[in-house]
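Note that chain A is present in both complexes that follow, paired respectively with chain B and with chain C.
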Partner chain A sequence: MVNRLRFRRASRRGGLTHRHGALLSTYGETQMTHAPAEIAIEYEIAERSPRRWLSTPRARGMLLLAPAILVAVLFSIIPLIYLFQVSLTRESSFFFNAEYTADNYLNVFGRYRSAIIETVYLAGVASILDLVLGYPFAYILIRKIRYREFVRTMMTFPLFGPLYLAFGLFYVFLPTGPLGGVFVLLGVDIAKYLFSQAAVLFSMAVFTFPFMVMNIGAALANVDPLLEEAARTLGAKPWQIFTRVLFPLSWGGIVAGFLMCFGWNLGVFVQPQLLGSPKEQSVISLQMFLKGLVQFNYGLAAALGVLLMVMAFAVTWVSLRFSRGALGA
Partner chain B sequence: MASMTVDVSPHAGRGSGPRWFWNALAHGYVWAWMAIFALPFLATLIYSLRTPDGVWTFSYYQYVFGSFRENLLLSFETTLITIVINLLIAIPAAYAIVRYPIPGKSFILSTLNLSLYTPAAVMGVSLVIAYAFLFRIPQTMIGLIGAYVVGTFPLMLVPIIVALRDLPMVFEEAARTLGATRMQTFWRVELPLLGPGISAGILLTFVIIFNEFLVTLFIAGPGLTTAALRVYNLARTAGFQPSTAALATTMQLVSFTVVLLFFHFFGSRYLKGTYLI
Partner chain C sequence: MTAMNARVSSLVAEAVEGRLSRRDVIRRGIALGMSASAIASALTRVPAAARAAQNEPVKVSILNKEMTHDEIVAEIQKEGEVNVGNWTYTANDTLIAKFKQYVKDTYGVDVGLNYEASQAPSTYITNLYTALQSGSAPSYDVMAIEENYWAEAMSQPEPVAEEFLPSGLVPNAERVLDMFNHAPTAVGFQASATPGIVYDKERASFITDWTDLADERLKQRLTMPLPGDITAGGMLLGLAEALKLDYKKPEEMTQAIDFAIQKIHPNVLQYTTDSATMQQLLRAGVVDAVGFWDSLGRMEFLNGQTNTAFLFAKSGQYLVNGYMWIPKGTQHPVLAQIFADWRLSDEAQFPPESWGLEHGPWAELNEGVLGESYVDLVPDWFKDDYFNFYPTIEQLTTNFKTVDWDYYAEHVGEWMDYYAKGIGQ
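On to the complex of A and B.
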């Protein structure tokens, strides 16, 4: 009796059911003779009585997912919806009786248009730098290098965060820095580049470089080296192999990598603050901090946030379509 | 038909120049980039070990265990709590997603991953407004942990899903056929086999939360300054100080040690498709 109960319970867990059926059919007919009828009865009871509903696989699955969904709704979805609501209210009016207005958005697309352009420009240029410099890197990494794990380990340094990156680079850009002598030898006045667009772009490109290499590398790993060999034997020049073979076959990885870098770079915050001039410091994230937490103009900060969020989600959505859901189901 | 001629010399393949030259160039390029990756860390390290007069010293590291001690302890504390909560949330969720028939699975998964694609500053500003005027928990530990959990449990979820999908049903079925209960199967069979996937999740959560400063900057009050936020605050207000460099070096060394340990024991297989490579 106990065994039977146990079997009934096992057979009720969704994904398992059909596989269990297959298993049983391969391992012996004896159990199959009486089990299916019992399962059918159990299922009918389960569907009819609400008390039994909880023991259906679907309900159990939802129950296991419940904490995750609860956290996502409480700390991600509700705050984002509330952010949208606040972005539509007149300055500070949402404390008492909210007046709804589109002023914040008019403001964002009017006075802050240059901030939007600056953000997109910096993110775009940094991502193009990543693409141009990252493609050869990914190719060499996949095709030529045996110490790949070591390179991967070194690539985790930028991923610890743009803060340490910008902080460390600050010292590199000083004339007294660790490479000061090298720059003097090369005749470069490195201090000139501190608090400049070049410094910001460089630090942004280094921070997102691993994402680009990861995406292009994944695409290139799926390209058979024999195709290159074949092209070469048939007389193709190296640049022809690139434009006719490698580039079309790794196109998905290129787009996914570019958009991923672009998405990360859109939210850039600390690099302009530590390494940039006031022009670079007008990026949306920094403006949001300034308006929201320094000047307490929550409506405007929320509108900037909604804009940045929409841009980031759009970029991510396209990127995931190209990488065929590296992260998903 | 000049383009049809086939070059069969040993140096064929690269348009011009001998092969060793191109190989050296390729390896040199990768090593140059590795130098760039390590450069900010090395610069910070060097700066933390020298006084302004150019004398080499360890004396700045006394601050790490002195005035920065509380920040470091808070960092470890919040990271640890976040990892535990992430595990409690992500393991059942991954199990449900892989093994149970759930309606709208891909929609649920994208909803859970939503916070992963939200720029940190947007998350910060949305949470600071929601905490202050909706939930009424401004500048609290609960709020901070909530933000950390929602930001990183998708990263815990993905490696566990990958590991669970790779796990053949055979082990589970064998245990069940031999009479193990559902819970016994999970604790004795599946959990040990999921070890690498779960460790990957722990690694990702650790690396990100331990070094997180931006969301913290928005939502943490004056009493909740984590070590990474302290680095940011000092860099912004006090400029470039050797003591700050010492703290930044310590943080990076801790993170890098954890990454090295993970790569040594598990390799990078379970990190595919996630934040780290």
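On to the complex of A and C.
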């Protein structure tokens, strides 16, 4: 009994050799090739000798992970702790004589509740737009299209610049711009739509469209075309093939794509600023900028930032949890 | 340029090149038949470098010592570079090249100038606070940004700016009107910057004051600044003035903001502080008026948009000029002061033709006359129109208003929050 306990402790601490570890994970402790007492002694020796410990797979794994952990702690965890600390201080007092308060969070969930709703709404609708337009596009890209790499490149490049994308749309729709003239000829007052929710949603959806297509495309690429063929042979109509074959089999990609688009869109900044009405301009990241970097209310800006971080974390977690490995998990 | 001022400029040049002492300048002025005031003007315009070149020690407040020319050169060599956080983007490359050339010509040293520009200079303040909090050196040696940011910095419980004025290295500060001088910590380098209305004179000829922005003819044909920064702040102050309300009385300021929300907001197509967006909208005829800064009006005019003008509101304008100050703990105090002095010099205030600037950018860079000694530097090509776009010294001291920045810094957060909420943000 004592040996069993020591063995368990040993296995938890990672002092076991690869052979033992593999056996344990595959068959459980009843399938061991060595007696527990032997293993425990081996572990104790390994534990006492750093060189031997360093030669274990777990140690090698930890050493390989160390730079990533260090980078994450230095540039992600510590700044987040710092951000949280700032969020508990009044206005710019953090930099001089910090006055601690919870008012910023009361403000976030009071005065800025509508901003949270607007941000989630815009991110959600833009992601739905991406899904509706992205699914057929991904299907065509995977199954039908020639010059696939060229199309992929054309589709992906908006990812590199929401700013020029928003400016481009603004220019295109000006009455003196390339499309604006067409609208003028058609008698449409395009200026009315230039700064509107529709313009913001459109530019957000264009920006995150590639995320959706890439994720759904990856999922569809794993669906054997013979399954569609078989369904068709058995008399299934196109919509039945979609709902009963393609959709269930590409679900992971849909979830991953949707949540990735949603996550990116939560932090939207440029599009509402350039193309939005005041309502869209209330999104969290723009308010963070205005409160923090324009009005020096760093405490409130940090509280908004913490909220955004929590939302982004939740989205990422849900995305990894429910995407069935589409994100490479 | 008048004949007398040409002679003053010529005497200054002679003094710098010939390294004339003060007494020599006076003698030379008398010999040229110049008046006492002209000679005095010339004396103030002889840069510190010229005086230092004669190895007359100059007082350097930050270092709390008198420095000879040789000591200054040694210090410049040690410092090597200067970092400036600047408000505007105009002619940055030219300014960098000309300043470096100036230091080379005057002190014989090659230096670096990192001249950063931002239309959201509040980020410089954030950098400064972060540096001070962490005990490290500030990123910038000179802050050349709007006056309200200086006031905001000065309102902090601990000093964030060096006391450097008066300084033997910044003699040009003496030429600046008292109203632009915040010695010992700051000096204005702009004289006419003011948030206001830039409009198309034909399409919106009816605009004469802030309250006209509520006119129905402007429905969806107006942009206003995003609630938040000093552009919007200046608008609200101006609007309060036009409504004969006192911005220092909370209930009256609330009335002014209510006017903006209820009467002006329905006319607003977009809230933006991006000048490129405004230019495009005005030129495309999508809007008739934009709320921004005076510089946009004259830049557009000189770029051929002759119907575009800046409105000097009937009820008056609030000045929000750029000020230079030196953050606490600067690593390059001597070069910072030399930069500040050069920025106030004749050539940096009224760039000559040799700088090769187009007239539009020239008019964006130049922000009016900082004092009497600058008046006659107005170039010939702009002489007829200059005071249609810039205030005279008399107007500056009468029509233009100054803001109580301490009060502003204390209340702007509430105003903006109320305003933003009112327009649906």
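In this section, the second predicted complex is superposed on the first by the 234 of 329 C-alpha atoms of A that agree within 3 Å, B and C clash if a C-alpha of one lies under 4 Å from a C-alpha of the other, contacts with A are read in each partner's own complex, and residues count from 1 in each chain.
To be clear about the criterion, a contact is a pair of C-beta atoms (placed from the backbone, for glycine too) under 8 Å apart; a residue touches a chain by one contact, two chains touch by 3 or more.
Being a predicted model, the structure only gives us computed values, none of them experimental.
Novice: Regarding the shared-chain residue A:Pro175, is it in contact with chain B (first), chain C (second), both, or neither?
Specialist: Only chain C; A:Pro175 stays clear of chain B.
Novice: For chain A, which side has the bigger count of touched residues, chain B or chain C?
Specialist: Looking at chain B versus chain C, the one contacting more residues of chain A is B.
Novice: Given the touch rule stated above, what does A:Leu226 touch, chain B (first), chain C (second), both, or neither?
Specialist: Neither: A:Leu226 stays clear of chain B and chain C.
Novice: Between chain B (first) and chain C (second), which, if any, makes contact with A:Ile78: first, second, both or neither?
Specialist: It touches chain B, and chain C stays clear.
Novice: Going by the contact rule set out at the top, does A:Leu186 touch chain B (first), chain C (second), both, or neither?
Specialist: Neither partner.
Novice: Between chain B (first) and chain C (second), which, if any, makes contact with A:Arg111: first, second, both or neither?
Specialist: second
Novice: Just chain B (first), just chain C (second), both, or neither: which does A:Gln281 touch?
Specialist: Only chain C is touched by A:Gln281; chain B is not.
Novice: Overlap the chain B and chain C contact sets on chain A and report the shared residues.
Specialist: In chain A, positions 94-95, 170-171, 174, 177, 273-274, 292-293, 298 sit in both the chain B and chain C interfaces.
Novice: Can you name the residues of chain A that touch chain C in the complex?
Specialist: Residues 91-92, 94-97, 111, 115, 170-171, 174-177, 180, 191-192, 194-195, 273-274, 277-279, 281-282, 287, 290, 292-298.
Novice: Going by the contact rule set out above, which residues of chain A touch chain B in the complex?
Specialist: Residues in contact with chain B: 3, 6, 9-10, 13-16, 19-20, 23, 27, 57-58, 60-62, 64-65, 67-69, 71-72, 74-80, 82-83, 86, 94-95, 133, 136-137, 140-141, 144-145, 149, 151-161, 163-172, 174, 177-179, 206, 209-210, 214, 232-235, 237-238, 263, 266-267, 269-270, 273-274, 284-285, 288-289, 292-293, 298, 301-302, 305, 308-309, 312-313, 316, 326-329.
Novice: Looking at the complex, which residues from chain B come into contact with chain A?
Specialist: The touching residues are 3-6, 12-15, 23, 26-27, 29-30, 33-34, 36-44, 46-47, 88-90, 92-93, 95-103, 105-106, 108-130, 133-134, 146-147, 149-150, 153-154, 157-158, 169, 173, 176-177, 179, 181-182, 207, 211-214, 217-218, 228, 231-232, 235-236, 240, 244-245, 248, 251-252, 255-256, 259-260, 263, 267-268, 272-277.
Novice: Across the complex, what residues on chain C touch chain A?
Specialist: 120, 122-123, 125-126, 129-130, 132-133, 152, 156-158, 220, 226-229, 269-272, 274, 277, 280-281, 283-286, 412-413, 416-417, 420-421, 423-425
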